[in-house]
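Both of the next two complexes hold subunit A, though its partner changes from subunit B to subunit C.
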Partner chain A sequence: MDGGTQGAAAAAWENGTLAAVDRLQSDRADSPTPGLVEGTEPGAGQRSAMFVHAQSFEDLSTEVEDREAQLGKSEGCDAEEFNVLVGEKPAQEPRNNFSSDNKTKEEDISSEAWRSHKKHIFVLSEAGKPIYTRYGTEEALSSTMGVMMALVSFVEAEKNIIRSIHADGCKVVFLTKSPLVLVGVSKTCQSDKELLRELHYIYYQIVSLLTLTQLNHIFQNKQNYDLRRLLAGSEYLTDNLLFRLERDPSLLLSAVTCLPLASSFRDVVSSGLQAAKAKNLVFSILLAGDRLVTLVRKKDQFLHHIDLHLVFNLVGSSSSFREGEGWTPICLPKFNTAGFFHAHISYLQPGSELCLILVSTDREDFFNMSECKQRFMERLSKRSAFQALKEALKCPSYSVAQVGIPELRHFLYKSKSSGLYTSPEFPTVYQTDGEQERLMRLYQDLHSALHHPTRPLRTFYRCGETENMLALVTSGFELYLCFSPLATKAMAVAAVNKLLKWIRKEEDRLFILTPLTY
Partner chain B sequence: MLMISPKMASGMQEKQYTPCLLNFFIYNPTFGPREGEEEKKILFYHPSEVEKNEKIRNVGLCEAIVQFTRTFCPTKPAKSLHTQKNRQFFFEPEENFWIVMVVRNPMIEKPNKDGKPPTIEYQEEEILDTVYGAVVRQCYSMYKLFNGPFSRAMEAGGVELLMQKLEKFFYRYLQTLHLQSCDLLDVFGGISFFPLDKMTYLKIQSFVNRVEESLSLIKYTAFLYNDQLIWSGLEQDDMRTLYKYLTTSLFPRHSEPELAGRDSPLRPEVAGNLLHYGRFLTGPANLKDPEAKFRFPKIFVASEDGYEELHLIVYKAMSAAACFMINASVEVTREFCEQLDGLVGPQLTLLASDICEQFTINRRTSGPEKEPQFKFIYFNHMNLAEKSTIHMRKTASVCLTSVHPDLMKILGDINCDFARVDEDEEIIVKAMTDYWVVGKKSDQRELYVILNQKNANLIEVNEEVKRLCATQFNNIFFLD
Partner chain C sequence: MSTIRVDAKVVMLGKESVGKTSLVERYVHNRFLHPYQNTIGAAFVAKPIQVGEKVITLGIWDTAGAERYEAMSRIYYRGARAAIICYDLTDSSSFQRARFWVKELQNCEELCKIYLCGTKSDLIEADRSRRQIDFHDAQDFAEEIGAQLFETSSKTGKNVDEMFQKVAEDYNSTAFQYMTEDTNVNLDQKKNSNFYSCCHGN
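Showing the complex of A and B:
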């Protein structure tokens, strides 16, 4: 083993490079094989991971280890702070077909249309009071939610826990997260675990608005408190999150995707953020739409992917941040369910997709953060990186044709150690919303099968009438491929190697290989 | 100083519990609609010792679950409820009659130090809904085979008669459920057919025709060899249930006396009749016995106007068994039985040795018997034919499989995947243990293969399965 490292060191020396020998770097083969060790797969960060990421979605169900914020605990929220957040207006240009939702809210719950929705989500308090419903109004559903609560408590009375109810083509999944109860009703063939994962996200979404401490406090004081009073105006965040859950692979993979950008430019941006630090600044995040440009964090502080997705959701759902500099409290529940962080959210330029999020521990830090942004902007324009960024924004994605595998239609590749994934844009066969959702569900199926809680699999291949799917998990990566139904198994096997080689070649652009800290 | 006594050390071991039957009950919500009358809804409850209020509570929960599910899908009733500790399966075979089976999840008991009670960990992902849902449906089919539908007892003697019949049947039947060894084969509930050459098959068919011709009372006939079906005049669904009864209950109880030594007590008194080995498995044990009773079990099978009641005569010679079914309104007499014995006994004995000979020849030409090269399960939804080289032999008590239970569950998972979409599919997976499992669904047929070739890749696995299909299923087209 030592011999190998020494050999690599000797080779490095012989080649005359002055760079310190990086074991990881020397192990980064150009033709990665599925047998790679974690940390050497394409897309693996060369220093350390940027954020804590779940190895798999099971992580969601493990209790949050209350990582006490060592950065001075944020004081509990007061109503004023809270209003800043929930007072946000929903995005004026709602994403895609999102605008119809206001209509469905008023739907008659005894109607066939209400029943036939693919997925219902309900949130209620332990007193059985409605807090959220995806379709219809909470008032009309109060008796239905009462029944849900009755079922939960009945089973609880037997010192047991209700999990799910199954009928042909319909399932009901329960999640009790005191003081809330979440119920999902799905007519898709999604597995229980997938649905449960979505309910967890909704739970964290609500906690991110209130903190768990406050949530507990409210219900300890008044058991039948109507939480909608506090959450009014924030439903769009949950609606939007649900929409993302159906469409966005990042939530499925517990990973984040990056804006393709030459590593030299990305490094300039990262070091710009690194330089624009402040005492209470914990995370600096630069987004381009749904894609991460870079993330710089305080040393020893990690951002959990769930928290990052909640930030993505907050930014993506609200248009008000476009109007100027936003300052909003946000609880990052995987970091600390007890307190608020304060996020400075602003777009780099009006009309630009580039959004900077500076997360501070101090609620009085607005002007400091604003100044950090200025410093960052100055540095960015000085080094002409801004121009490069704007260029990169023009092609935020890539076509699968670039990989050069004819029968390959689409793929998802996740580097486990960095928690980053890459995926091409949807090909023409999956242009409609319906087709894209269907493809996502196929990926969900593969994901569930590979990550079965007791019978996990290494490889899953499905040959069907509309497409052939192949998924594999190794210690370093997860790979999901979608082929045309004409592809053979031999093609699929060859495609894996070819694709890994291609990703290795492109990893500088597709991943963040050198994450920075302040 | 720390000393661990051997007793303590052994006490520290984890204990593993397999899934087991917690409750089994049948209720009809319309029988006690008023408050305070809830007990009247309950028609059968196992275990019967359960306290009345708990019975009422458990039935109440089921009613609530069923009602609640209707909010979202009014046409599709709830089928199962998952909880941390158990799973409940609901089945409404006849309007308003609900059968509920509660199965405890397998669990691991981990001892704690310092005399604290052990920690129990429930394994919630081990039970497959499809398997146990099928078990509940099988319970009802078996009841119906011997008693007719619930409505029959209701018409004949009201709730009381139905409760008596349920008690009598399920008290014994539930003891024969072996929940820990249920698997994919229960989902299929298939019939294993005996492979036979055309000539011998024709011989059997002409035998059946001749017997039905001479003994015109016989309405239906079924013919089995070696616990495998060769010919049946019954509807498929009835044959499936009857087949299950014969192979898991009746045949195992009458283990081959032909194989026992001459002086063995197992060998029945052939009473000087050395012309044949025929004997009745139902009805009289010995025809020569003047005290012999000519009572046969009654079964109910589907007919044009609902169902018909039949006497079930099972007659066996060596490994060949023939079932004769006679309208229940006719009394089966000693004369009839003697006639049947005289006619069928010698012919069946002859047929049995013919089939045996054929079988041995075939086996010799196809190579010596050895551990099957491929482990597979095949099922055809059209004719219910099933074939498994994974299961050694299904007996009344245990079902031995030659593969790890987790692999069997992966087969079950793939089967669930297939059931979701109505199109031809192929699924190939590699388990963490490096076993490959292949499932193919093609035009009502399903094939599952387990391959123990750890270093093989997808292409090699595909080649192996192709080879299997070529040797075992050469006339069946499977999607490639």
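Showing the complex of A and C:
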């Protein structure tokens, strides 16, 4: 459970030049230092933030903890963590031989293969009815889920909350979000908190399809309802989300990455969307694959990064929007769990990667949204920005070599105030799926260490056989770096400043510095 | 590029995976894509079609068959001039669902002309025993409700163009009768709250 200090060469790291000094750096042109405060770090937006300002990672877990703490208090009893510790295995280096396991729905649940999956996710109703399983079929698992529900209710009867069970290298984490119960069973070295965060994402995914109001309504009418009926055909969204949680730095960092684009062109695109407004239009989002080109929002309305990730997941998982214009209800649970927005989703051209999402509050708005899109397209082609966009799509990423730090293999840099991050493409050493997955897990470990609930670290250096990792967090940014194993700590330290300078120099292209509203 | 003028709104209805999207794909792009991707919400596409001397633009709404979108369906079929209600010839439960849509339209959209479409006819041509909905039973039902019946295959393209052509022709000939009334799709902004409750409680 101790995400902070695990790993062979973990060291709380103190170094004169890097110890975070919260010194206000008002002049953007100045060379950035790790002491930069929020709002002045490279990539910080010049006006207001685009997203709901959330204490990113903490946002998710504190929410539950608060609720549970309150519950405990009001019941006047001890809401201590219910941990059954049966000889926890020491945390190990993540395994190398990971092959991305595809959905194997037909898998026999009594088979060794089913048991050996690293992470199982189950969703059930409070009546113990299966709703979702990552592997195998829900039908086959109904008795298993019954047992899970029995555990939850047994503990609740004692006015307690079951949070996790740790046994023999296996963690079972529970999340009760009435009317749903989510259970994660993991053999990874992720902390409870990280697993809980993933369960939250799954919960929000389900809410985004149905709204919480509808969920409550259904189960109030019929406790025994089989929710799979209403979720039919959406399982792949949850599957994909789970895959993203393992592989996509955006979900780890609670941030979004942008398509590199000259700021002059990005501004044309943004102002095009700004001009193509309509009464009920709340958000206009232009995506290039998994990258944000721009986001324009109604004044005073903010999009939460989780909601945006759900939109990314919806669009990225489905080819259904490839043809014609899509029009679908979507609940953005961090905005409002009660109601649906209506999203107009279409690609700018057949076969193009550029996807426009116009989010309206009015379900009758399809033709208005369609017209907004037309207006936007006209403006884009008039200012020849469409061509520029297509050019930019040819190199949606950049090589780490551009930074000019030989030992540096890869990095993740997140500007906290803008909620945006940047990262180069994977270098050749991390070309295979397995290697990328392994690197992501190293980043996850660093992330856990920096966000440990009781003992968060500000810097973290870790030497490994295959790479050396460094992470640091200041009030303005989070930075995770991966070096060749030959690099020394001194090199790593020197690299940070050099990298920050490079990001500052490139920030126009890599970030959205002037987010617009309508 | 200006907003496309749509003459007739056509809505595709039917149980999930009966082949609504495939019909539209075949008709609009003349192709058949195999791996199934369920539709999310609905997709709209405008398709001009030659009828005699005239060009009529059909605005086709391909709706999702998944049950969770059922409460949304009204916005897709409201004001529709034609509904193509699909069922899978190899799946009798899909015919039950088709009956449900027929009733719904008869109650809510009197002006909407109904076309019944049995899909995946290539499958039963390959293996007759797979047919679950008898042609004559379907025909009787079609007569009873005053609908036309087609059996199509999006895989081979059989009967697909013919069906949409018929839809356009019928629209064209009835359009004269309604000339004095509104001949366009009704795009009125009838305000509805964006919240809707679900009624599949049981």
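Going forward, the second predicted complex is superposed on the first by the 445 of 518 C-alpha atoms of A that agree within 3 Å, B and C clash if a C-alpha of one lies under 4 Å from a C-alpha of the other, contacts with A are read in each partner's own complex, and residues count from 1 in each chain.
As a convention for this text, contacts are C-beta pairs under 8 Å (C-beta built on N, C-alpha and C of every residue); 3 or more make two chains touch, one makes a residue touch a chain.
Since this is a predicted model, take the numbers as computed values, not measurements.
Of the two partner chains placed by superposition, A:Thr514 touches none, neither subunit B nor subunit C.
When the two complexes are overlaid on their common chain A, residue A:Val172 makes contact with subunit B while staying clear of subunit C.
Legend: residue contacts after superposition of the two complexes on their common chain; A:Arg163 is shown touching subunit B, with no touch to subunit C.
Touch criterion met: A:Ser320 reaches subunit C, while subunit B stays clear of it.
In the superposed model, A:Gln374 lies in contact with subunit C only, and not with subunit B. Applying the stated contact rule after C-alpha superposition, one finds that A:Glu465 touches subunit B and leaves subunit C untouched. In the superposed pair of complexes, A:Ala490 makes contact with subunit B only, with no contact to subunit C. For the contact definition in use here, the subunit B contact set and the subunit C contact set of subunit A share no residue. Put simply, subunit C touches subunit A in their complex at residues 1-3, 16, 21, 24-25, 28-29, 37-45, 62, 64, 66-69, 72, 75, 187, 189-198, 200-202. Contact residues on subunit A toward subunit B in their complex (touch as defined above): 115, 120, 144, 147-148, 150-151, 154-155, 160-170, 172, 185, 187, 189, 192, 445, 449, 452-465, 470, 489-490, 492-493.
Those residues of subunit B that touch subunit A in the complex are listed here as 61, 64-65, 68-69, 71-74, 76-86, 123-126, 129, 406, 409-410, 413, 417, 420-421, 423-432, 434, 457-459, 462, 479. Residue ranges of subunit A in contact with subunit C, taken from their complex: 209-211, 213-214, 217-218, 221-222, 225, 229-234, 314, 318-321, 323-329, 338-343, 361-364, 366-367, 370-371, 374, 377-378.
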